[in-house]
Every structure is written in C-alpha cells, then in structure tokens.
Amino acid sequence: MKLPPSNTVVWFGVLGGGLAWIAQFAVNLAFSFAQCNAPAGRWELPVRPLEIGLSAAAIGIGLLSMAVAGWLYLYTYQFKHVARAERRGEGSPPPTGRLNFLAVVGLTVNLLALSIMVMTGIGAPLLSLCRQS
Amino acid sequence: MATVITDQGRQHVDRLARIWEERPGILGWITTTDHKRIGLMYFFTALVMFGAGGTEALLMRTQLIGPNHHLLSPEAYDEMFTMHGITMIFLFVIPMTTGAFGNYLLPLMIGARDMAFPRMNALSYWIYLGSGLLMYIALAQGHAPNAGWFDYVPLASKQFDPGNNIDYYGYGLIFNGISSTAASINFIVTIFKMRAPGMSLNRMPLFCFAFLAVAFALLFALPSLTVAALFLELDRQLGFHFYDVAFGGDPLLWQNLFWIFGHPEVYIIILPAFGIATAIIPTFAHRRMVFFPLVALGEILVAFLGFGVWVHHMFTVGFATITTVYFAAASLIIVIPSGIQLFAWIATILTGTPDFKTPLLFIVGFIVYFMLGGLSGVTLAAIPFDQQVHDSYYVVAHFHFVIFGAAVFPILGGMYFWFPKVTGRLYNERLGKISFWVTFIGTFITFFPMHIVGILGMPRRNYTYAAHLGWTLLNFIESIGAYILATGLLMIVVNLAISLFKGPPAGNDPFEGDTLEWSTTSPPPPYNYPVIPTVSSPYPMWDKDDRELDNRRLARGEGLLELGHETPATTAQDAIWDEILKMPSHSAWPPVTALTLFGVFFMLVMAHYWIAGGFLAACGLSLIGWHYKGVRV
Amino acid sequence: MLLWWWMLGVATIVFLGAMVMLVMAWTKRGVPGLPFLGERENLAEGLVLIFGIAIPLVVLVALFGVSDVYLVGQTSPPNPKTTAMTIDVIGHQWWWEVHYPSTGAVTANEIHIPVDTRVNVVATTADVIHSFWVPALNRKIDMIPGRRNRILLDATKTGEYRGQCSQFCGVQHAHMALEVFVQTPAAFRAWLANMSAPARTPTTPEEQAGKTLFMNSSCASCHTIAGTAAAGTVGPNLTHVASRTTLAAVTIPNTPAEMEAWISNPQAIKPGDRMPDLGLPHSEVVEITDYLESLH
Amino acid sequence: MTEPSSRAHRGLHPPQVTRSSAAFTASAAGRVARQRLAQPNGWWGMALFLCAEVALFGTMISSYFYLDFDAHRWPPAGIPDPSVLWPSIGTAVLVAMSFPMWLAARSAIAGRRGRVLGLVSGAMIVQGCYLGLQIILLIQDLHKFKPQGSAYGSIYYTLLVAHHAHVLFGLLLDLTILVFVSFRGLTNYWLIGVRSLALYWHVVNVIAVFVLVVTLAPSL
C-alpha cells in the first residue's frame, strides 16, 4: 500500500461501474429488441437467463470497481489532511491529492451505477417479457 | 488586488503586447484566432439568434392568447415552433454556452494563452454562422423546416413533406454538428493539455469540469444525430428506405436515433449552466464550494447517465414494458447527481457569507426553476404518469422550466458576472436587480400555468384551440407572462448596452472572484497573462501569495515565453509542464474552409450533387492551404 | 392517479425544504456560517450527503419499485380474451376512422361504447404517426406505421368524453379531435344496430337530387356510403353521417348550415385539409346537404 | 510517510522543458518526441476525432441490427446472402497495414525520415489496392440488388460506403503526409502528423473488421 497504484487501476476504480452499466444496458436492450420487435419465432433467445447472467456479471464488475475505489481512498487517507483538504476542494498537491479526488469520485459513481444495475437487474426479470407497455 | 508592475515588468508586458498584437479592423476580426475575439463573435451571433427565436415564441404566444386566432396560418405556425426549437437549442444555447462563455473564459480560467487548436476554433465559429444562415435562408424563402425540431418520420418523409423544408433541417443539423464536434474536441484537448502548470485535475475550477462534461457529451451524442439525418436525407433524396415500413424500414428507428442524441442534448444544454453557477456561487458566498469532488463528479455524471434515458421520450410508442424499464431506472437515478449539486450550491450559499448581487440572484432563480423543472421531470420518469401527460403542455412546462429557467438564467447571470471582465466597466446594479425580478416573475407566469393546461388535456403543437375547452384563461395568462418575460430580457440588454459606454471602470477584480481570469486586466490582453500563472488550488485568486509570486516573477522576467505566440503544454492529469508550444495566429483559412463547406451543404439541399462535390474538392484544397504554413508564424 | 398525488406531495416537501434553506440564506446575508450553528464544514457536507444522495436514493428506488415495476406489471394491455369487445381506430390526416369488427358498423370521429364494459381499442394509422388520447378515460397510445398498439377503454359513467390527437401529425393536428360517447348497454345496442344497417334511401325529391349529385360529383370518389355506388376510402364513411354530432373531426357542429358551409368551402374552416373545394354552385350544395343530413 | 506540503509541486518550469515547435529537423523533432511526458495535442485531437467516428459507426451498426430485428427474413427474399471470401481477404490485407503504420510512427519518433516515407508510401499502395477491390465488389453487389430496393439494401450499402469513404480519406491523409514530410522535412508538426496518421489507420482498420463481420453476419 506504499506505492501509488498504476493509472489503469485507478481509472478502473473510477469508471468500472459506469462501463459495466453501459454493457448491461446495451446488451439487455439488444436482447429485448431482438426478442420483442422481431416477428415471432425468428429469434429464440433464452432471454431470461441471459438477462440475469448479464446483470449479475455487470454488478460483479461494479462491486470490483467499487472495491478498487475504496482501496484507493484508504491509500490516500494515510495522509489524513489530504483527504480532509480534498473534501473542501483545497486542491492538495498531486499525485496524492488527485488520487484522493478520483477515489471519492469513483466511490460515488460506482454507488450510483450499482444502484441502477441492481434496480434493472431485479426489476426487469419481474416483468413479463415482450408485453406492449 | 492591484497588480503593481515594475519598470522591468512593463518592458516585458510591452514586448508581449507587440508579439500578440491583433490585426486592426474588420479583417482582423475575420482572420482572428484569438479565443476571446472568437468568443465575442459567438456571443453576438448567438444573441441575434436568441432574438429571432424569442420573436418566434412571442408570435406563437400571441396566436394562442385566445381561442381560434389566425394571426399565423397553420403552416406558418408549424414553421414557427420548429424554428423556435432549432434556433434556441442549436443556434442559441449551445453556441452561447460552449461557444461564447466556453471560448472566452475557459483558457482564462486554466491560465492558458489560447485554445489548443486556435484555427479550428475559428473554423467552428464560421461553420456555426454558416449553419445559422442556412436555416434562416430557409425561413426567408418560406421553406423553413415544419415537422418539429424532433422531425418525426413519416411526417418528415418526402411523401408527406414534398418541399425541401426538411432538407434544410437535415443538412443544416449535420453542418451544425461539424461545428460542435470540432469545438468539443478543441475544448477537451484544451482542458487536458493546456492547464497552467500545477493545475492538476483536483485543482481544476468546477466551471471547467462542466465544460469537459459538455464536450464529451457532444462528441458522443452528435454522431447519432448525424446518422439519423443522413438516413433521412438518403430516404428523401435518393429513395432509400430506412424509415419506410413498406420496405422493411421502421419509423421508430428515427425516434431512437434522434433521442439517443436528443436526451444527452438536454444535459448538454443544462451543464454549462451548472458550470456558470459553480463559478458565480463561491464568489458571492465568499467561501469554497461545499464538497468539491462531489460537485465535479455530479457535472460529469449527469452527462454520462444522460445517454441511458432516451426512451423516456418514447414511453407511449408501445415498446415492450421490459424495454422501457431499462430506461426508467437511469431516468430516475440521474436525479441524484443533479441533487448533489443542487444541495451543494444551496449549502454553499447557506454556510457562506452570501451577498445577493444580480449574478447571484439569477443563480438563485436558476436553483428555484431547476428544482421545479427537475421535480416535474422526476414525475415524467414514472412510466404510467408519463403516458398520461406525454406530449401535453405539462411537458412543455417541464422542459421550459429546465431549459429557460435553469439553462438561460445562469447565462443571463453570467452575462452580468463577466461583463466587467470583458468590457472593463461595471453594469448598473439597481437596474440589474429590477431586470432579474421582471424576468423571474415573467418566467413563472409564462410557464407555470402550462402544467395545469397540460393535465387538463391540451396537446402540444396546436396552432389554435376551441373556446369551450376551458383552456382560454390559462393560455391568456401564459401569453401575458411571455410579454413580461420579453420586457425583462430587453431590460438586461439595455442595462448592459448603456453600461458598455457609461459604466464606471471595473478594475481587474470587482467581485473578489476566485478563478484566474480575475487576475488579469479587464478586458484581458491578447496574451491573457504576462507570466504563466502559479496554481496551487482550485481558487487561485484566493491564494494571495501565489499572485504575489507571479508579480515577482514578472519583475524577474520568469515564465514569460516571449519568443512569439507561445504557451505551455502540460500533462493531462497532474499538469506537469511538458513543453512550450508556438500558437498559430490570424489565419484566413478557417473562414474560407467554412465557406466551401457552406457551399457543399447548400448545394446538397438544392440537390445539385456535382456542384456540391466541386465545393468539397475546394474544401480539400483550402485544408492543404491551411497546413501549408504549418505553425511557422 | 394516486401515484400523481404521492409524487406531488414528496416533490412539494423537497421543494419547500430547499426554499426554506434559500430564505434562511437570504435572511442571514452578510453573516458567515450556518444560521444558529456557525461555520461547521462537516454539517455542510452532511447536508449534501443526506439531501443530495441518501434521501433521493431511497425515494427514487421506492418510486421505481412502485410505478415502474409494480404498476406497469399490473396494467397489462387489453386483448380479446380480457375484454368484452374490440374497436379498431385508424388515424388519418386529420380524422379518425372507427370500425366495429364483426358488425358492419363504420363511423368517424366518434366512438360509442357501453358503460362498465372493458373495450379493447386497437390503434393503427393510415399515414403518419398519430396518438390516441382521451384524457378523462385513459393514458395515450401512439399510432405508428407497422405497429398494432392496444389500449383499454373502461368507462364507469355514461357521458361524453373528448379526445384529441396528441402527436404532431401535420397542418391540421390542432383539429383532429374525437368524441367518446359512453352509453347504457341498451342505447349502445340500438346505436350499433342502426350503424350496421346500410344507408337510408332518400325519399324527398331534394334528397334524391342530392344523391345523384353526390354520386356523379367527385364526392363519391373519396367517401363511402354503404348500399350505394359511393365507395371511396380517402375521406370518412358517410353512411350515417347525419347521426353524428360534429363534422371535420369535432371542428364544427353537424347542422345543415355548417354542413353547407363545410361542403362549399372546407379550406376556409380547416385550412390545408385533404377535403378540396369542389366549387359547386350553392343550389347543388344545398341538395347534397339535404341528402347527407337525411342519412340517420 | 512523508506528508506533501500543500504548496509543494506547483509544476514550475522544469529545466528540460523544450520549445517543441522550434524542432525543424527530423533528429531534433525526434528528440522532442522522446522527451515528452504526455501525448502531444495533435495526437489527442486525432484520438478524440476518432472517438466521434467510432460512435458514428457504432450507431450505424446498431441501426443495422435494429432493422434486422424488425424483419421477417434478413436479407429479404430475393437478395442473396453476402459472399464471404473476397471481402474477408481484402479486410485482412487492410488490417495488416496497421503494422507498417505502427513502424512508421516508431521510426518517426526515432527521427528517421527516410523510413517513414518508405513505410507510409508502401502502406498507401496496398490500401489503394484494397479500395479498388472493394469498389469492384460494390459494383458487383449493385448488379445483384439496389439500395432503393429494401431497408436491408439501404443499410448495407450505407455502411460499406461510409467505411470506404474513411479509407479514401485515409489515402488522402497518406498523400498529404508524404508530400509535406518529403518537402517540409520531418518537423515536429509533421512528426505529430505521422503519429496521428498511424492512429487513424489503426482505428479505421478495427472498424473495418466490425463492418466486415456485420455485413457478413447473414452468411455466418
């Protein structure tokens, strides 16, 4: 925990959840169109399992990214005054200051992304497939 | 903070002034690549467009002031509301925010001497001007687009709209999209690479985060509109069948493509307003923003989530419920980043030492209307309710509170706020306050009754309505409100116009602002800053010692970059000084290129494909000329 | 609609809360720090965390559960099995064609339904996108080329309900309304029986003259009158036009005077409408009117 | 753990900062390029432009499948499934051109102007042939079915032509770079140009693969 983590890891912590949501969203959407827009019988996708599996995977990635962000926060929290200063936007010197900033951002993004993924992940399977709204 | 400049410093300043001198006269404006001049050109063009769009709105309100009026023929009314939408969104709000405010202020705020690509910056202005002209040529000919700014097929298809009205729409928007794409690329690179040394991401002003978000949203949203318009034109002009059910097309494809762009668009419109608010609030609350990281994040996240909500414009087309639900969740959660910022602003005002000058008043008005509009927006994310009021005046009320109340109010506030910086003179505070209250009340009277009319069942886009339906009184009130609103806007223009000549001198920093632009003279010199500023927090103007240091460095002649149009480039994340760039100056190629492109699109509208091809070749040649000099200035 | 009042309630609370804060800020202008509490950074941050994240998250998840999962799950669109009868409504620029399948009944711009009966409305379009909306009875549903959308009408009170096209569909979008008449089952059956019958043959000489004129002029090429040679499909079916209360999609009342005005110069009443000015002499207009007004 | 003081790291003028646009010889430009800590502005500009292009093709491809999902038969009756062989070979060749482009960027950074010119012109010839082949195939297709015939035809041709247009644009870029680098020399400005060109081709090649897979989907 002494060295700052690599850039890729940091940005996964920031963006991971969001990207996972995009993936879940786009692919589920494609399935629902394929299943419901197409004249019956052309696509016989096992939509339900796919849907649930996808959501599960996406949520998993989201959690992982959340964990990274949390770890990053703890890392920068070693310099307590940095964490405090950052919350107030005092802009403590990079890289520590920037890392803490990104960590806070990552935590919140992932929280929201996760809530969306969970809501759709639970909500969608509860509804009957392909019924006109 | 009066900057005391020593004689040595004076010499350096004079030298810089010589190097960065702009060409005189009209030619200087046409060939300029100075982000401030381009910003001003954007500003005045957008202001004219605002006038045009406003006039169209007033005509419509006058038509609807009572039942069965025929001031406008049905055809004229359709063209009016279409042009009103297109003008306000593509020709006023976006150019005004990104174009004018962004161009003028962003480089100043990050302590750069120009945008990353100055000539491309000029190009995007000239293209924007061209697209505006294209649209209004159509109106002048009486061929203005007439199927609504959403332009649903098949109503917009050749079969039901044989004129070339819609061709102006399709090509006009593609043309305009080029300008916005170029501008957003320019903004992102500027923000990533041109920040003053030391301004790491966590020290970047929130204003810049907002514009970063906008730029990214534009970059990824516009292609969808371009594709939609391209398909439309292929359908209309070459007889393709993307949207034609009879040949296996699908009109809903247009709706999807359009709203994939259209909803991020809404946030593209509102985000710069957030940025302006976050610039104004700390200044007048005399305190740092509460919870800086979350506000920055909120701005980015709104733009990001905005891509996952488009079908809530289409809840009534009869999609499978399961499809709609994927969107409902995002449509609801997107409220949170907005809520974060909202309460951060309120908390900042509340816990600070607020001084309710005109700009802050406009921001407060913005907060009020943003809450109203936002909350009615939440109700629209609830599918059953949306299916009831969709396409009724309830929706009109909702998005006018959001777009006018929440997006335009900060623009007005920002006009007051940065007026001293741009002109070097102070506006009239009392008249400013009055103009605020008139505008505020006018907005409320105009748009609030629309909620009720909508729930009573009045659909949008009706050129008139029958007397016995009980909509008469409310519509009358709305129209009166519209006139009050117009008066308020006029008062603002008058105030600024008078102050421009009669206002007392402002000095560098009349409001004790927090960001860098207040450290330079008003109006700023072409090189913005004699020395590359020292930055060690998001509120550099409040770090007095840094500013003192800059004065000493000026005297010592340190960090001046006085060998031509030079500016530093830094690393993207931590802003470590990486290299010194030489910027191009006054080139005639951007307007030429824009002109050739205008030819291309105008000829496409007229369906003269070969001439269009010729213009395209000319455009290619002009680009060669563009690069011929490289940056050996 | 209960949902609406709940949302309104919550929204009001949030809004007022924020407004109170702003007012407090206004009253304490020029004074640093929170009112009563002074400068307490953590409080300010807590404010943001609680009002900005915690509370909204809970409320929104609840709203999602209630409206978008529960309610949407409940409101299933109608189908022949769950409804007593089906009505086809076809949107045209700018009028509504109404079919009662399995009876010959065809009318325009008005729908008659029996009270307390679940009616399955199948909404389609003949040209551009329209949207079927009777605010007092149910939500709206779009009429889209290539799609057969369904919506339920289930009125509990007899009476007259106004509906209107709510998706912009061209020049006369504003004059594309329809009336829904909710009747007692007996009245409805009587009406439907009359509708299913062919047109009444004219009796008086004026009416006969009007009929011949109608058949020989271009009227017949656009309009249908069951039991006659007129079989056009461009305009509304006129088999029982006299029994309707309005003309031109609820633009004008259906009286002989208005009918004459409409026939002699439709473009003055509904500019841009598909019905052309035939330029008939006034005498002929009167006779055609006599004929049409006799078609009960 | 040492605590960084809040005034540390102002990123003030470090000694090695260079006036990069003063580098007018290949060697000087190469040295500047090797010294850079971050990617140059020009590279960023190209990268972001390509983001927009990727979004563009993403939209077209999703439109393709959207229409596909609506259809009873895809491609509709009377239209043969697309032929696999030649397009695949062509695309493979095109994608292979990413390698010389990558080398060109490398040797530009190494300041070796001759190699840059050689590699780019070599790649350009091959890419030109690819375009020729694609146009021949396109004409053959046009004899089989027309874009005006069906939504399938419309999206099929639009997608292909859109990509060919990008290849054509890339060829023009190749030419521009060749001309300027040979007459102006490998200055800093045109060195960044070479790197951006390489980036452009990498992305266009990736898109080519996607377009190929999508257009061949019915036959796979």
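Order of writing sets the labels: A, B, C and D. Residues in every chain begin at 1.
What we mean here is this: contacts are C-beta pairs under 8 Å (C-beta built on N, C-alpha and C of every residue); 3 or more make two chains touch, one makes a residue touch a chain.
These numbers come from a predicted model, not from an experiment.
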Central chain (by mean CA position): B
From subunit B, the most remote chain by mean C-alpha position: C
Euclidean distance of C-alpha centroids - subunit A vs subunit D, Å: 30
Rounded Å distance between subunit B and subunit D, as computed from the means of their C-alpha atoms: 31
Centroid spacing, where centroids are CA-atom means, of subunit C and subunit D in whole angstrom: 52
Separation of mean Cα positions, subunit C and subunit B [Å, integer]: 37
Residues within subunit B bordering two or more other chains: 200, 250, 291, 294, 318, 321, 324-325, 328-329, 332-333, 336, 340, 383, 387, 536, 574-575
Multi-chain contact residues (two or more partners), subunit C: 41, 45, 53, 57, 64, 68-69, 72-73, 149
Multi-chain contact sites of subunit D, meaning residues that touch two or more partners: 6-7, 9, 66, 70-71
Chain pairs that touch, as defined at the top of this document: A-B, A-C, A-D, B-C, B-D
List of subunit B residues in touch with subunit A within their complex: 200-203, 288-289, 291-294, 296-297, 300-301, 304-305, 307-308, 315, 318-326, 328-330, 332-333, 336-337, 340, 383, 387, 536-539, 573-575
Touching residues (chain side subunit B, partner subunit D) in the complex: 116-117, 120, 181, 184-186, 188-189, 192-194, 197-198, 200, 219-220, 222-224, 226-227, 230-231, 234-235, 238-242, 244, 247-250, 253, 256-257, 260, 532, 534-536, 546, 558-559, 563, 566, 568-572, 574-582, 620, 624, 627, 630-631
Residue ranges of subunit C touching subunit A (in the complex, touch as defined): 41, 45, 53, 57, 61, 64-65, 68-69, 72-73, 76-77, 149-150
Complex contacts: residues of subunit A adjacent to subunit B: 7, 18, 21-22, 25, 28-29, 32-33, 35-36, 86-95, 97-98, 100-102, 104-105, 108-109, 112, 115-116, 119-120, 123-124, 127-133
In the complex with subunit B, residue positions of subunit C that touch it: 3-4, 7-8, 11, 14-15, 18-19, 21-22, 24-26, 28-35, 39-41, 43-45, 47-49, 51-53, 56-57, 60, 63-64, 67-69, 71-73, 75, 93, 127-129, 131, 133, 135-136, 139-142, 144-147, 149, 162, 164-174, 271-272
